[in-house]
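Working notes for the structure below.
Chain IDs A, B, C and D follow the sequence of writing; residue 1 opens each chain.
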Amino acid sequence: MTLLSMSYRTNYLHTYFKSTIVIPDSGKKQYKAVWLLHGYTGDDTAWIRHTNIEEMAQQHDWAIIMPEARNAFYSDSDFIPYYSFFVNELIPKIQKMFPLSPAPEDNYIAGSSMGGYGALKIGFTNPDKFSKTAALSPVTDIEKFRNNPQCPMDKKTFDSIFDTAEKIHNNQLATIFNKVQPRQKVLTLCGDKDYMHEDNIMFKNFLTIHLKSNYTWMPVNGNHSWVTWVGNIDKVFKWLEK
Amino acid sequence: MTLLSMSYRTNYLHTYFKSTIVIPDSGKKQYKAVWLLHGYTGDDTAWIRHTNIEEMAQQHDWAIIMPEARNAFYSDSDFIPYYSFFVNELIPKIQKMFPLSPAPEDNYIAGSSMGGYGALKIGFTNPDKFSKTAALSPVTDIEKFRNNPQCPMDKKTFDSIFDTAEKIHNNQLATIFNKVQPRQKVLTLCGDKDYMHEDNIMFKNFLTIHLKSNYTWMPVNGNHSWVTWVGNIDKVFKWLEK
Amino acid sequence: MTLLSMSYRTNYLHTYFKSTIVIPDSGKKQYKAVWLLHGYTGDDTAWIRHTNIEEMAQQHDWAIIMPEARNAFYSDSDFIPYYSFFVNELIPKIQKMFPLSPAPEDNYIAGSSMGGYGALKIGFTNPDKFSKTAALSPVTDIEKFRNNPQCPMDKKTFDSIFDTAEKIHNNQLATIFNKVQPRQKVLTLCGDKDYMHEDNIMFKNFLTIHLKSNYTWMPVNGNHSWVTWVGNIDKVFKWLEK
Amino acid sequence: MTLLSMSYRTNYLHTYFKSTIVIPDSGKKQYKAVWLLHGYTGDDTAWIRHTNIEEMAQQHDWAIIMPEARNAFYSDSDFIPYYSFFVNELIPKIQKMFPLSPAPEDNYIAGSSMGGYGALKIGFTNPDKFSKTAALSPVTDIEKFRNNPQCPMDKKTFDSIFDTAEKIHNNQLATIFNKVQPRQKVLTLCGDKDYMHEDNIMFKNFLTIHLKSNYTWMPVNGNHSWVTWVGNIDKVFKWLEK
């Protein structure tokens, strides 16, 4: 198992961004890859520090790419045009740098919390890049998230990214879904004690109607924390493998 | 020489921030420290990667603290309240974590470009923390910087930090200087081919009048690049030593 | 929680050695510390990468120090005088660098496999530095380990460290125990399917006789792998806490 | 410029080894590479920390690979079979992992001090992998190095690697040269105040006779220190470019 820390100055973001990357040692010319996104307050080392990601990479013989997202909500803002950076610069750069398959059937995207939102948004919008999307306790409704009393994000910070009602609307997962009509396989889960559980149930109902058999809901216990994500990431990877 | 990479989740910024830190091996209980700030597009490893900072730490027997600043311009914004974080959280945390003297006579602040602006601003405003400030090719007038055709920073990014005319005015170094009337020792330098050379000359004239013998102008050749900063950082450290 | 990666050139080893260090954010002047040692083939990041060490540091409000040991078996050899380095240089250096209590009652040493051997050896020999020792699946008999068909270590590598029968004898834990007659609290555990289980049972019997109520045997299931160590490190930390 | 820190568990060495790697951003499918070796007491970050290696990579549009060598003298020993690891495992692994040309005309090897010895030894012996070799202040005669009063290496450490007179003989650069009769381009330099200057002059005379126009001696001033290597690495890279 090879562990890599990559840092480069992105043209989109005018600064250095890091990715933590795990690549198996089986010597393949092109590995399948899971793009695994961290949540609000995390960084590219979050998944490595909370659970044994290398073991999972080895079991599945997959590369795992964990990009730093800062708190940019996987969205374009004036301060950080993160979404454009991720799709237009980071993915092709990493696929050129390492022995990775660029085929959508070989690429999955997953994440937790804000990273679950990011995985769904980037997955829905890029069927030419990803064939499966998995979201653990995702933020499914950014407006309700903003106004939820348990939301850890400062309203000012949220508003610096989503600065108009129109921008909020355009960045709602339901809006994006309706616009791009994705046909990928999608999984979501959310602990029964999560403060966004109700939002997730509504989104589950939405995806059940629209994605039908391409959608999987994984019922789990727990609250909005790493305990839930560490406890279920194995099952999520097994679903990706299927 | 001990090289440290430190990462922790800041309460101010709701995410992990890094600092690269060099501490001599002479076994002192409390080292003097230089807080060395990077410029726009840099990160906490910028100074280590461009020149031999460890050698300089050893020569002077000083600790050198290089905090990550992202592109926040050492200022409070809705997305990153960086100035408050730096002054209220980062400085006391690092002084508690490592064998460093908190006395202002034992702490100097320096930086290049955006980091030069940061050093002057933080230095001026915190005479209880820093006794000397050195700025290499600083941004001395943020409004002229914004509108300079050679400015590398996107106007939208600038405006997401300095979002009103009042905020720009309040964050001008001259405004800050006039308000706090600092009496520390200050050095600035700027290469003769720097695109902000004229701004620096005006600021030199301003500081000459107001700081008198506490101010030093170091005339140097060169443009706005690491060649200038690497070529002069030795002399800057010697001035700090005096 | 502050995560630190420290690198410095040791006088003993004539090269750079790293330590990964976790320090809670509760602002204490002097933290208690667990010195947590990795096994053969590991490095200073092994514990961080296999389990959530930061969570445990936070729960107990302890610092956790994870030094790089390479494959030196926590022993002095011609190539790497590791034991002397660890005791004479590394411990005082780290205790001076960070807010750590040097009192033996505030310092515990633990490790797995080769690191379990290291913890017992260093713990036994340094009652002025450590008050509790915990060993997960330790190598308890280095000669049997060398000759065990399942031993992962090349005999030539082993022999380059323990190069005479006398050196093997002097580095056996029983020899060391009998010589220094430690009176600290000691815990050992070893999975029932571990290829060194029998050696561990013999050592358990030895410690039961000599340490009496100061000794704890923690019976666990499993083989010689991280599954066993990750599954039991929580209980080991609870024992250290008592 | 992409900066990578790579860590993986090598089969040869039964532990994790690191490499620091710089790859330009010009988007080539296969970069030329300089394999840049550190000296005694250094590690994979030595060149990055002493000088601006990334700038040089960019100027030449080359990848630069800086592997950790510990103090193994780029030779096989019982404790670390480093030479075999480097040639048989590390080179192919890195050439598979990154967009690098494996053709010998696209690969150069260079290093300073112990790394200069390593570059000459590995370069001479592997004409199918490297077409040019450059050594800055190399150890050219390991026996004289061992017995030189200014040698920084403990004799016991040296003897743990080169443990018989035959092994010393077989690892002398002259022996290796005579055996493999290399026909690559070779450059050496050594400061006039270097404690191994005389050894280097003898080796210069040897290579002048045997390599004729394929050999370049670069006369420089200075002693055995990073000042000499940092001051001349630019010229060495220009020679590699020719």
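The rule is short, and it goes like this: a contact is a pair of C-beta atoms (placed from the backbone, for glycine too) under 8 Å apart; a residue touches a chain by one contact, two chains touch by 3 or more.
A quick note: this is a predicted structure, and the numbers were derived from the prediction, not measured.
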item: Chain whose Cα centroid lies at the greatest distance from that of subunit A; value: D
item: Chain pair, B-C or C-D, that carries the greater number of C-beta contacts; value: C-D
item: Interface numbering overlap (same over half, different under half) for subunit B and subunit D; value: same
item: Where subunit C and subunit D are represented by their mean Cα positions, the distance between them in whole Å; value: 35
item: Distance from subunit C to subunit B - Cα centre to Cα centre, in angstrom; value: 42
item: Per-residue overlap in subunit C, given as positions that touch at least 2 other chains; value: 3, 7, 9
item: Partner subunit B, residues of subunit C touching it in the complex; value: 1-9, 23, 25, 27, 93, 96-99
item: Residues of subunit B that touch subunit D when the two form their complex; value: 3, 48-52, 54-55, 226, 230
item: Residue ranges of subunit B in contact with subunit A within the complex; value: 7, 9, 14-16, 40-43, 45, 70-71, 77-80, 152-154, 156-157, 159-161
